[in-house]
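These are the structures, in structure tokens.
Here chain A shows up in two complexes: once beside chain B, once beside chain C.
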Partner chain A sequence: MKKLLFLYLIVILVAFSFFYMMFIRGSETERLEREVGLKGSMDEKYVMVNFLTGIDYWKNVLKGFEDAASLLGVSIEYKGSTQYDVQEQIIVLEQVIARNPAGIAISAMDPTALNEAINKAVDAGIPVVMFDADAPESNAYAYIGTNNYKAGETAAHKMAELLGNQGEVAIITLLNQQNHMERKEGFVSTIITNYPQMTVVATEDGKGDLWSSEQAAVKLIEQYPKLKGVFVTEANGGIGVGHALMSEGKVDELEVIGFDTDKGTLDMVKSGVLSATIVQGTWNMGYWSLMQLFHLNHQLVEPISTQQNTGVAPLPIYIDTGVSVVTKENVEHFYVK
Partner chain B sequence: MKKLLFLYLIVILVAFSFFYMMFIRGSETERLEREVGLKGSMDEKYVMVNFLTGIDYWKNVLKGFEDAASLLGVSIEYKGSTQYDVQEQIIVLEQVIARNPAGIAISAMDPTALNEAINKAVDAGIPVVMFDADAPESNAYAYIGTNNYKAGETAAHKMAELLGNQGEVAIITLLNQQNHMERKEGFVSTIITNYPQMTVVATEDGKGDLWSSEQAAVKLIEQYPKLKGVFVTEANGGIGVGHALMSEGKVDELEVIGFDTDKGTLDMVKSGVLSATIVQGTWNMGYWSLMQLFHLNHQLVEPISTQQNTGVAPLPIYIDTGVSVVTKENVEHFYVK
Partner chain C sequence: MFSKWFQMNNWSIRDKLIIHFLLISILPALCITLFISWTVSNILEKQSNTHLLQLIGNVSKSLDVQAGSIQNISYFISMNQDVQHFLDEGSVMLQEDEERIRLHRFLQGFSTLYSEIAGIMVVRNDGQYLSNDMYARSNRNLAEEYWYHEAIAARGIYKIIGHPVNRNVTTHVNYKDSEIVSVVRAIQDPDSGNTRGVVLIDLKLRVIAEMLGDVKLGKNGYLLVVDEIGDVIYEPPYTYSFVPNQYEEWQEQSSGSFNVEINKESHHILYHTSPFTNWTTVGVFPMRDTLQAIKEVNKYLVLFFFLLCVIGMTASIYLSTSISKPITKLASMMRKVEEGNMNIPLLSDRKDEVGMLGDSFRHMIQQIKKLLMQVKEEQLKKREAELRSLQAHIQPHFLYNTLDTIQWLTRKEGADEATEVVGALSKLFRIGLSKGNEIIPLVDEIDHIKSYLIIQKTRYKEKLNYSIEVDEQCTRLFVLKLILQPIFENAIYHGIKERRGPGNLSLHISIHQGDLRMVVKDDGKGMDETRLLNLKRALFDKTIEHDYIATPTLSRGGELVGYGLRNVQERIQLTFGVSYGISIESELNQGTTVTITHPILTQKGSDQHDESVKGYHS
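For the complex of A and B:
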């Protein structure tokens, strides 16, 4: 009988310990998980919305977005217009807004056309940040991307290095697009300010396509026999200029700096047709877009911003993801794996 | 006997469940905590190093740094020179580096004097970011702070609003300090570009102190009888100009915009002596400095940056924390609590 009582006591004690472990320690762990560490839940869905969804350029941006999401334990989705069509992008964005996601990161095909949809999302309480291509007059909370003026400066310094700080150079760009105009201005003013023995002799419109850029380059080569270098502010254009150099037999006489790191551009850097290309901080664009959206969604923001009428920004308003220079020496690292 | 066997069985089962809970679920929780969520440990110590450690201005910066640390579950420390003495700041920084912390956020009293110490820390593998006052030629990974040129733009737009887009204005600034020159340039070029009926008639040196700024304001008032507004790029100066308005009986005739939100400035905004002051995103400077350091310390960075010779930045190189305008209407929110 005593033995039985003793056993009952053990059963009760062990059962008690068991329930202690189950509930007290369990909930303590939950509390710890909730209170320390940045962590979301898988039913939080953050959506990336861009345009020309199929192009290589976005792969590294999406990788950054995904990497941040898996670190934070949240879900993501990738949407956008398949075509270079702003109406399609607006429709996709409206559909995303209707499902009330935890946050939206948008790259705007046009700097103003999406403002109405963006503001609608913000008014509905959805966190919105812009990446890569801003909509500066919208109510989006932040912009994460390249300082294009500085990208132009970087290209100018590299061009000067390639040319021993002297000679005639030209630019092939997109005359009707803000970010390309900024790249051009950064390039031109850096040459003027820092390299008195260099001259920017012409700025041509490459129209963002290979063929027009090739034609523009052929024209420049004929018109300016002393031309030593060309800065092309956009990827297709760089390849077009590369073709012009090959067809005109000028590969060894001109230094060409392209932009971005699609396979065609990298191949031309590798083979020496292009001297360099400018790479943007695409992974960081995606990573820090998600990080900003997470902070907005969880209200981890500047405390004063949550008061009425302070006008204080909850988050940093601009994150400059930087650029760097790709040459034959380091080109291998930039191919999409 | 059967009863006894049954009880033994129960004891064994319950004990088994208990150990299951203890070890299996326990380690599963640990695994979850380790793999999902951004979380550090309390033996990771991040240090903030600045100068004039006692001034109000840093309180909100430190608050942001602390808030990020408690979210991430890491430790922080606050160090700096008590005086406006760059040698003292260098000594403090060297001492911090010697203890090999998890990361250092530095506000540089001088834009170049700390470079050697900063680079030493970076070479030793310590994550370093700059906040509020950059050392642009150092090897620090990032700068988190105000775009001072844009702060000047914001002040100019507010001044135009206060003056109905017309009239003579002047600036009182610090002529030998980079950030103040940028504020001045942003202000001047915004007036020139956007407000043709406004003129910047003078730029005076307030030397960063109350008395010199008061004298400068008295001189301006005498010299320019049609003067309608003054932008003061620095806190002490704003208070000095406020004193000048009171002693000259000009409080109702001149619109003055100050800078920052120390108590003296806020009191003058509240009483209407100053029309407005510009507030910087100080909490965000602290918060995102710690966030950046944590990412560097845990190698949560752009994957290509970890390869040799890519020159790619591991983190965004610049974070603009933004500014906003404080007026009588919202001034209450800005007092340090």
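For the complex of A and C:
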């Protein structure tokens, strides 16, 4: 009987030592992907939803979004309306929500029309941030973008400087779009309060389109012979106005301040057609949008709660990506090297 | 010492059985376990290989699809009327607002639909270009760039440039060279075959990264994409410093696998080359990933094996004990019997072979016990008979002396007949005593019976006639003493005396069939069948109690017959065995024949029985 017990003991000991050797010690295999810093997975899909997806303006935003995704090791998708059509954007957004992505960054074409869809996403537990164009009444967690009112102010001060604080100016903008309206208001109120000798004589709709803006500029030039300056709140519009000036031969007579820094705009600034352009932190918009979404998705922020329940914002609710003025003097820096 | 250990015969049956059971339970279990482990690891390896190859094939396919759609875009662009117009006339046509904007919108359409495209550019063969988002860094002629030449060399066929470095082309958004893959295709004049321009499409590498990053190769594997010369198009940030262009293997086949050693660790490489893009999708994963799965299987196998060991050990020990224990018990019981303890306990009521063995053994012991008892009894009986005959001798001794005196007196008085009778009587007694010897010469026995007959003759006168005939060869033999006298006595009292007229008695002694044969025949009254049967039963039936000798109350009217004959029978059989003794034949009014069968004894001491008898008397 003692012998038997001894034998059992040996068998059990051998078994244990074997398992120890094989599985306790063997399991200490190092993983290839070291968990350093913030690290997501390729399964997480963050979606950027905007409108007029093909325009150059978004390319920098998307680049920021992509760069952040590369750093965090997550995947992204770029969606939005192909046309300047709010219904299309809503449909696209609904489609995106249905696929339950890890986060959505939205640039709203209309400040209110998207609220319902945005709230639906937030209710579904999808982190949503707004960039570039806000929808202030929605439940989105944050807005990352240019303080458009301030951008308008900046443009107004530059315009005043260019015109010697006097003369008639006009605005070509995108009506019904929050950010453009804010730029316009910032511009207008600054002119009114700071520069009494200047007047804003007209506000035209450029429809965010080169051709429409050109037409609008031609119309303005014909309508207001004393017009000294034009502020265009949008990139394509700036180029359109530039073309109008060239075709009308009024390049030297009008000071035009454009917006954004696409190749065409920069070329026109360089050649002097446009006097200046306002540059936004577009890359930052994309980059910080993804960062915020990532933080929300991974619940890296304190308090971990939703805005709706406690009223405490888990993230900075507003990030100003800033603006600066590009003129002929510093335009070279804005070209890609 | 070991040679001794290996001598199986010295092992106990229990140890042998244990070893046996362990061998037949654990050895096959071990073999099966090893075999399963081997098979499973083979299958797992093969399966994971096929699975991964399929996976990589799929990735390669989706890369093809991606490349295909880019190719289509390049065709679509080259087919556009405005682009054709640009190729015809150069940037002069861009002066026209309407055409310029139409082209802009056309190209913008692609960036609207394909966010993975970083930029599209159409370059004319004189270096003039058309693009929404790309432009030349410097004034260097784009048509002289290497990618332009590569596109021309490909003669209208789609060409991927994995590492578009040092191009005089940049995008407005500033995608770095490392972030894009370039696709070029020459637009050829269908008639002349001359190259009219090149479509350049920059694809974001990110798309490939997402495609590959989605695929998990085990725990630690990863995918990378290599172009036709082995340069890495894309690889994830953490790698095993696997340098693909060191290996030639994938030049030979479009897909397959091989093993390499990286940093002293074995890695498995799976690859699939797409004939469309000429890119090879390569999966790199450490062998220990596969081993992990095999290990998992082995874990259960080992657990199973140890469990089997424990069960096998328990079972083998239980079984061998159940077999060997009764044997040991039986052996110890046998040892006890060997030591003389016949009173063995009853074995358990098992029905197996060991139980049967035990039963047989017990039966045997019982038989031995019975035989021992029988021997003891026989010895006792023999002694009793001897004692009785001794007792019978003592009185004749005294009589003998007295008779001698009487004979001497009668002779002195001159009474001759009395002298003869007394002499015969004296002789009778002397031979009857015969110094206590149980075996006497046959002549003495005949003298004895003659003396007896003389006495009887004196009494019965003419009524009794007798004859004694002894074969010559018998005269020197020895016989058990006083075996004839009781028979003669019977013959006289029950045969001759009961008969009317004179009767004859005869004794014939001869050797018949190797035995001494004494036949006593009378022509007296004889016996009827019933009586003869009774007598025979008294003589031969062993079942009648032994002590009837002491109290001969058995036969009615023939008590002495029973006693005398029985005594003779007993003595002969006790001395020489049951094959000797008396047989009787009789017929009413015809006479009786008694035959004694006696062994031939050539000398007194030739028989052991005789010795023992002698020893008893001395």
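As a convention for this text, the second predicted complex is superposed on the first by the 226 of 337 C-alpha atoms of A that agree within 3 Å, B and C clash if a C-alpha of one lies under 4 Å from a C-alpha of the other, contacts with A are read in each partner's own complex, and residues count from 1 in each chain.
The criterion applied here is as follows: a residue touches a chain if its C-beta (ideal position, glycine included) is under 8 Å from a C-beta of that chain, and two chains touch if they have at least 3 such contacts.
None of these values were measured; they are calculated from a predicted model.
**Q** Which holds for A:Leu7: it touches chain B only (first), chain C only (second), both, or neither?
**A** In the superposed model, A:Leu7 contacts both chain B and chain C.
**Q** So in the superposed three-chain picture, is A:Ile91 touching just chain B, just chain C, both, or none of them (first/second/both/neither)?
**A** Neither chain B nor chain C is touched by A:Ile91.
**Q** With the two structures laid over each other on chain A, which partner does A:Leu175 touch: chain B (first), chain C (second), both, or neither?
**A** neither
**Q** Contacts for A:Ala15 in the overlay, against chain B (first) and chain C (second): which applies, first, second, both or neither?
**A** both
**Q** Please indicate which partner A:Gly73 is in contact with in the superposed arrangement: first for chain B, second for chain C, both, or neither.
**A** both
**Q** Using the superposition on chain A described above, determine whether A:Leu210 touches chain B (first), chain C (second), both, or neither.
**A** Touch status of A:Leu210: second partner only.
**Q** Of chain B and chain C, which one touches more of chain A's residues?
**A** Result: the larger residue contact count on chain A belongs to B.
**Q** Once the shared chain is lined up, is A:Asp56 touching chain B (first), chain C (second), both, or neither of them?
**A** second
**Q** First (chain B), second (chain C), both or neither: which does A:Thr321 touch?
**A** A:Thr321: touches chain B, not chain C.
**Q** Figure out whether A:Val279 sits in contact with chain B (first) or chain C (second), or with both, or with neither.
**A** first
**Q** If you lay the two complexes on top of each other, which residues of chain A touch chain B in one and chain C in the other?
**A** Shared contact residues on chain A: 4, 7-8, 11, 14-15, 18, 22, 26, 29, 32-33, 63, 70, 73.
**Q** Going by the contact rule set out above, which residues of chain C touch chain A in the complex?
**A** 97, 101, 104, 108-113, 115, 132-133, 135, 137, 170-175, 204, 206, 209-210, 213-214, 219-220, 222, 237-238, 240, 288, 292, 295, 298-299, 302-303, 306, 309-310, 313, 317
**Q** Can you name the residues of chain A that touch chain C in the complex?
**A** Where chain A meets chain C, its residues are 4, 7-8, 11-12, 14-15, 18-19, 22-23, 26, 29, 31-34, 42-43, 52-56, 59-60, 62-63, 66, 69-70, 73, 75-78, 82, 210-211, 214, 243, 247, 262-263, 336-337.
**Q** Considering the complex alone, what residue numbers of chain B touch chain A?
**A** For chain B paired with chain A, touching residues are 3-4, 7-8, 10-11, 14-15, 17-18, 21-22, 25-26, 29, 32-33, 36-39, 63-64, 70-73, 144, 147, 279, 281, 283-284, 287-288, 291, 300, 302-304, 307, 309-313, 315-322, 324-325, 329-330, 333-334.
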